[in-house]
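Two complexes are shown next, each including chain A; its partner changes from chain B in the first to chain C in the second.
Here is the complex of A and B:
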């Protein structure tokens, strides 16, 4: 018979904090935490001391003072008597505007280029390779200022459109004017419109909501939903009986007809830009800085997206296609049921992180004078008020929120498509 | 019996394939015109290429290399008959001819420009043993001696000439040894690492002290003092490791050099300088500019961010909750904000964070922020490499009884870094491209200089030439780096595909 004795209970010694693995991790963490807190405290005390010396006690009161500068490209109404807060809001909307436009354009261009780069046509795939390598090996800031220079140098000024025999003419049946000040495109208008709703009264965050757009959008969404239901019913019938009823014309009709009807009821028409005096009036005006930024960001990011798409398609092994063919799936269903789901798992995460990069790169707008949030809050507001600490803090916070939102979406997606391993 | 024979008894000679499937025609039919859609695409592409080239080539090849101003260029173009709808059409290369040195060096003094060039050449020699391990040690020493020899000789003067020739002679001697051996011997020597020669990594280790001295100049004793700090730390560790255990010696080896750097280096270098004055003419940071500035920022940021990135990645992977939270917070914060906001911090806020009265160089401030920025991205790249390692590797290291740091150093890191090399290189390319952002906070990188040049009365109105030149140089750098990373990926691939 053996007797086991418990290890002799040791008394605690100070050296165990380091040499005993039970306590060591705790020691390291506490040391790290103390070091970090000391660093932060040191920075804060320095900052406080410096700010008092400079006579700039931190306060966010300046945000409600009149901004006193104009913003030339804006989505909401704004004048120079509005507060810095509203200027920042206008800037934020401009950031989001160029980011969303850029993401859409970059995705379209990137997917097309990525697919064409895999083409077996030698000349097309080489052309696309030249595009990709050319764009991603040159700094995006260079493309942005280059694009701006191209717009200013090559497009005609508005006065070239004047006179009996003008040097320049409008495109697409006199509806689009490309000038070196920017692009004028038709704007949607409603002759029997429902008007706008003014929200939040006179505060800095006030905004108008167009009831017309809401009505059209709601009808459109509802029809898409109904169309989806029809498709699902067709699937159910197919699963039950093996025959698939032909429903595509139903679905098309459900989507198109109600939307057209609503547009007709509201009296939809396009407001064309017209030359009045020295400049164009009417239509939607997109400044050249917006165009240059948009084009440069989309083309630059599209080069990266093209590589991602190419890698994603190449990542699906040929055996998958062959297996799908062996199961008797038709090519279209092979693509939608076998190839795409697997390729998308590879494509989507880097794609979203490229969207994130595009959004962050849109802060380079400041180089061409597009008033995004970096240009308003981090640019003119900072310079006018001299509140570096507060403005930069808010600026970083805004970008951080945008980034964390996007990466949250990405993590959620990754979780949902992860291979379920056991 | 009939003697009909239905079976051919002798082989026919092979026929050549039809001419439509061989040679250029066959290649074109196979790759360009196999099907209607592809033919249409081919024709469309050819038309696009034609129009682009027809627009660009006549514009590029114009005799304006010696133009003295935009006006002068236009005169030259008109005289040469290169006239479009709106008057003279063609590039004005005179601006590049006159300003290319400025675009490369900024306002760095003319007489001192050999220093950044030498530093750049030495950079290559220093990174070669790190990047290409198949080059023999001998080759590396030849390169180093040759670069130093040429660099010193260009200084002019009898002494420099003698020293330079001596270096070159040494290079030739070492090279002669290399070519003197037979092929088999040489392969053996490469494999053996040319044991008789010192390891070229020694030079890679002292290069970080040589390069700043070359670029900023000043007394030679400052970099020597800084380097001494590391030696002191090592010496302290060796001296005390027996007496007070490895942990105490390590702490001491960290504290003593810091004290040395903070309080003693200044007096050491001024003392030595008064005994043995030797140095280069000091150049202020605000004279830095052009691609020299971009490369300086890029190289410093990447070199410093690699170790920081490794530490952050390990912290993020560790089980220590507080350490992990700190690392995740830092990485996500830096990755969540655009670089431009960090540069704004560098230009307006960094001095406020530091003790009152601190005011240091804007380039140094930018270097700090870009390094922090790069290390967050580097940490994520290395974390990817760590995550890609099979768990078996960690378990095997544990099973061998290695402690955490030994396991990292001998098993985990070599593999994780190898996996993440493409990512590291693309981070470097990204950081190098991002250096143009410093033009927004009014540093004179190529883009900032470009604006300065366009503000010159002579060159007012120049657009394409300058942007094209800058874009071309960036393209050459970044493209060759991305090709290098592909080469490295292929070379390091040890699995069999």
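Here is the complex of A and C:
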């Protein structure tokens, strides 16, 4: 009888918020939320109040005033009369530069080391273990400073390249100079170049786009696409007839010839560094601060990535290897065709967080005087204007956006390689 | 849960109510120690010796203030700050006074909200190069790589100087003097630029100081002095008059050697009497006891004694008084009267 009657709708009493387990957790959460909001509200109002007492009302007007300081590494043009905003932009690009270079290098080193660590060769796998433990267990700041100290103390200063009988000489047919201020390498130049387009006029966000670069890039991309089509056709023929036509020379030709042609039309040549006055002039100058930071961040993060890769590979069951072997695949193909694609599913999520770590760790740049956004906006601008709160808020926002973008892109990639469950 | 959150909110509200700051003088007295911001290490101005005891010209100012307020020149907590961290440390209340080769500028005063209580060293920005570089003027530095400390007036002056002279340069930003020294000596930069006094002090610590020269150009005015936060004028007065006491003492011939005798009883110079508290109530006006200035002067000697002991001609740093001579001797060092 009782089981068939509807439960009598109990009238709601206030005490049920605490004693009724259906509501209790909700009550607790709401109270905690209110408390949390109160705390935040208090922090904000207290800060604002204190700033006003100090006579420093929060304001972002200073960002449009002239920065007054110079920045050595700038991917866009900049001088000391530009605004703090532009200085921040220059710093942001430097952050992105080292982050992108770092992520690429760390991934390559990490995958290689991770795979080698599983090698059957005892020496190789031990060496890799030593590398991983060495880098993982020492703070990255020390590696950065150490790298810088090595560059400064072991390489010759530019003046050592001077004179009849110089103490140091350039490498690779006088095209590369390794100095304790950085590396000078040949730079690509165009004698019949198309020039640049200037965008956004004179504003703080202005930038130039090199038409040469766009032309070369477009042609190169198109060739890659066409080469892909040829490959796809070869696959189709192979599927239909069982015979694969030899197309590699076609593909190579399609990729190389048009690009070379464009380069020739534009009058491509290499500009070599040359010692002039106090420093080398010409060529691309990679400052030692960039090299030290890049190397340390990459090697440090690669140690973590290697462990992730190793774990990912070990997570693929042994049966897969055996099955691939039974089909007659050689070990290298087993790895690239069977194991790694499956391991990727395990590898990518922790890889994302390592990319994020690398990017955030790049804010240690100031230890070696690399002018990233922490060095410009969060360093000199903060110091010269005394706007701690404003600059730090902006800085946090910038890192937040960078990190969210990275995880967005990587999550999207993860979706696309994840096991398609049918 | 509910209760704890509520209690939390209560404490928070309580904190908010108690947030209005007490006067710095009371804080220092309650703490029994003066928190003084100094350099991370610049021999002659502020550096710890082998036993960790801080010494130097700027340190002397800190000790004088501590002696005036607390009666003990040793009651100082030295907080090493870099060019970048110093202002945040002062604004946040981590230090009570900053004495770190800091240039008095309009924007630091008005925009950063600090009160410079005086000048203890009139300086200017100079350049140091190795003799082997073959450079004899800053105008020949086109294209050079220059080491600078970030967060200083130095980097702004440098940008202006090179722009005005239509020259290019490669700045190498560095956080502390020690790192700058390392990079400069390794040849990672051609030139080191900072306040001329700082250059002299840095050079004095080299193994072969004679291999390096200071270029003749001085490209800026750098009046260096101690500073405090805006908003506590009484505290600013105390620091200002402690410094003035050291300066007046030199002018009036009061030294650490004769001060005991002079302060024992009122003498025939009324101003000396007022400074040393044997006449009038200047100490009381400042909220200190009558012997405040005597204690400040005894901490490390008068201005001239501090100068000679730490950076003067008989030290390795070897700075001459120059602009920093007493006004009576043709310099700029001048204290308003004690009256």
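Everything below uses one rule, namely that the second predicted complex is superposed on the first by the 381 of 422 C-alpha atoms of A that agree within 3 Å, B and C clash if a C-alpha of one lies under 4 Å from a C-alpha of the other, contacts with A are read in each partner's own complex, and residues count from 1 in each chain.
Operating definition for what follows: contacts are C-beta pairs under 8 Å (C-beta built on N, C-alpha and C of every residue); 3 or more make two chains touch, one makes a residue touch a chain.
Keep in mind that what you see is a predicted model, and the values were worked out from it rather than measured.
When both complexes are overlaid on chain A, the residue A:50 reaches chain B and chain C alike.
Once the two complexes are overlaid on the shared chain, A:345 sits clear of chain B and of chain C alike.
Of the two partner chains placed around the shared chain by superposition, chain B is the only one that A:374 touches, whereas chain C remains out of contact. Looking at the shared chain after the overlay, A:80 reaches chain C, while chain B stays out of its contact range.
Once the two complexes are laid over each other on the shared chain, residue contacts for A:279 go to chain C alone; chain B is not touched.
Applying the stated contact rule after C-alpha superposition, one finds that A:120 touches chain B and leaves chain C untouched.
Of the two partner chains placed around the shared chain by superposition, chain C is the only one that A:384 touches, whereas chain B remains out of contact. After overlaying the two complexes on the shared chain, residue contacts for A:32 are found with chain B and with chain C alike.
In the superposition on chain A, A:206 makes contact with neither chain B nor chain C. Residue overlap on chain A between its contacts with chain B in one complex and with chain C in the other: 18, 28, 32, 46, 49-50, 53-54, 153, 366-367, 382, 388. Across the interface of their complex, chain B is touched by residues 18, 25, 28-30, 32-33, 36, 43, 46-47, 49-51, 53-54, 119-124, 127, 133-134, 136-142, 145-146, 149-150, 153, 360-361, 363-364, 366-367, 374, 378, 382, 388-389, 392, 395-396, 399-400, 403-404, 407 of chain A.
By the touch criterion given at the top, residues 31-32, 34, 38, 41-42, 45-46, 48-49, 247, 319-323, 326, 332-333, 335-341, 344-345, 348-349, 351-356, 429, 433-434, 436-437, 439-440, 447, 463-464, 467, 470-471, 474-475, 478-479, 482 of chain B touch chain A in their complex.
Only residues 1-2, 5-6, 8-9, 12-13, 16, 19, 83-84, 87-88, 91, 107-108, 111-113, 132-133, 141-145, 150-151, 155-156, 158-160, 162-163, 169-175, 182-183, 186-190, 229-231 of chain C touch chain A when the two sit together in their complex. Chain contact summary for the complex, chain A toward chain C: residues 18, 27-28, 31-32, 34-35, 38-39, 42, 46, 49-50, 53-56, 68-72, 79-81, 152-153, 156-160, 180-181, 276-279, 281, 288, 366-367, 369, 371, 375, 379-380, 382-386, 388.
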